[in-house]
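What follows is one structure encoded as structure tokens, with my remarks underneath.
We call the chains A, B and C, going by the order they appear; numbering starts again at 1 in every chain.
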Amino acid sequence: MADTFGVHSALTELDVTEAFRVVDLAGVLCNGILGASIARQRRFDIVGFVVLGVASGLAGGVLRDVMLNTRPVAITDPAYLFTALAGALVALIFAIDGRRWRWPLLVIDALALGCWAATGTIKAQLAGLGLLSSLFLGVITAVGGGMVRDLCLGQVPAVLGGSTLLATPAAAASLAVLLTPAPARPTWGMAIGIVVGSGISLSSRRLGW
Amino acid sequence: MADTFGVHSALTELDVTEAFRVVDLAGVLCNGILGASIARQRRFDIVGFVVLGVASGLAGGVLRDVMLNTRPVAITDPAYLFTALAGALVALIFAIDGRRWRWPLLVIDALALGCWAATGTIKAQLAGLGLLSSLFLGVITAVGGGMVRDLCLGQVPAVLGGSTLLATPAAAASLAVLLTPAPARPTWGMAIGIVVGSGISLSSRRLGW
Amino acid sequence: MADTFGVHSALTELDVTEAFRVVDLAGVLCNGILGASIARQRRFDIVGFVVLGVASGLAGGVLRDVMLNTRPVAITDPAYLFTALAGALVALIFAIDGRRWRWPLLVIDALALGCWAATGTIKAQLAGLGLLSSLFLGVITAVGGGMVRDLCLGQVPAVLGGSTLLATPAAAASLAVLLTPAPARPTWGMAIGIVVGSGISLSSRRLGW
């Protein structure tokens, strides 16, 4: 095991914290773009882009942090708001819709799902929660932003309905993190979680599950 | 008064905490079943059963605990998530709908309403809140899960509308708890609150208020 | 600068805290009236008045305080619940609708928006947050109550849509507070924020932006 996960011992504490932050912010950027691109479909003005981008990008993490009874990283670390706004700006400048954007958007969506399921689960474990609660928080982190976005749009959250898989890949990613030995979770666990979550999510779309 | 409420002195602190937990969990089970049985009506898949069961069963208590600035018992005590999932499982296995389930469901609903109005009020009082705030938190605990469930289903929360009484019996149950002398609240107060809350709720259905 | 903002030095710490509270409560009253007056339009019963009045009046501040990881002032200070209920009572007694109430309601709305953008921003700054996060919390405080109310009514929150300006004047009010020198924020900053926020809000309605 020292061989398999030896990469971790070479990383300083700072690197691990920073890796966590980068992955978390990657999810914020992906969801910020996704949320704001819906504002374009609905022909909202710039405020709509910002509100939907910020809600999609930050609400999942805010729910996670509020339930952990800590001040949300979304307001303590300015990079989060800037990243969500950057996502909204990307969606405002580039016309992200139509046929050829379908798969890139699905990939972005799947990556964000995996990133957040992993970071939510790890943060819950570091906060001392049990396995089931950590899985629960991983799923909430992953699907929370989309749920808040859907509610704001007057839609039944996609997590409840039909063919698109959201909660299942998020739970699988979270489970993959939890099955990784604790010291390796912020490194290998995170990577495996992202691969598992986005893999299941994309396969389900491709195969029409 | 020592005669009337003497039963309390015979209970250890542990018993009282445990009684509180059992009543709170009874509400979780009832609402988990109720929420997930709506997933059946809507023909949702198993994820829909889990999401609606967990949201209905836990959201009221999460709102209460987050407002009290404590980590929600729903994630610190695994029994809560297990109980909500058990409720979803019950609704998944047994076809809970149709005419003959109407009254059992209403009774379950009424009991959950009374349980949570009582536990929410008591927890707020123990946290040092005033009377009006405690009543407010009792009502939020009792109606919060149903509100979140209704919002997820794209419906105006039932607490706002028309003939079905939700907020009124919850407020009455909370008031009954607050009128009980403080030391007897976790025992007699809880019992009286449940009887008052579920009694008013069921009477209102029976008499078509 | 000592001349311009000298008024502040004449105020005791208590006065500043009290001024903050009065402005915050003015927003609660305005939004309580506004929320409950929608209950009249929808022909809800008295419970609907109370729920919409309390949700509109308190949800923005609750979101602000929960994100700052403090117990919401809405439950620690009974004046908040009483004021929201008073707003609901005003809307219940006086038939606040029709043509001649249109402008008074818009003025109340604009004032509440400015009040809350200012108090949200100042509270975030006092909690040590950065500029962007403080602006974010100012906007959330100002538009949060209305968003929760709109969601409860099954509507897409007005902050997302079309012609009515909500987020822009709130952001401008918040920015005005942040541009005021720190010691003068709870006094001059608050006043300037309210003028800027409600001014832009009312101008946008008047000029049909």
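Operating definition for what follows: contacts are C-beta pairs under 8 Å (C-beta built on N, C-alpha and C of every residue); 3 or more make two chains touch, one makes a residue touch a chain.
Please read all numbers here as calculations on a predicted model, not as lab measurements.
Taken chain by chain, the contacts link every pair, so each chain touches all the others. The two sequence copies chain A and chain C touch through a face in which the numbers common to both fall below half of the numbers used overall. Note on chain placement: the centre of chain A and the centre of chain C lie 31 Å apart, centres being C-alpha means.
For chain A, the set of residues touching two or more other chains reads 66, 69, 151, 154. Those residues of chain A that touch chain B in the shared complex are 66-69, 124, 129-130, 132-133, 136-137, 147, 151, 154-157, 159-162, 166-168. Listing the residues of chain A that touch chain C in their complex gives 44-45, 47-48, 50-52, 54, 62, 66, 69-72, 75-76, 78, 81-82, 151-154.
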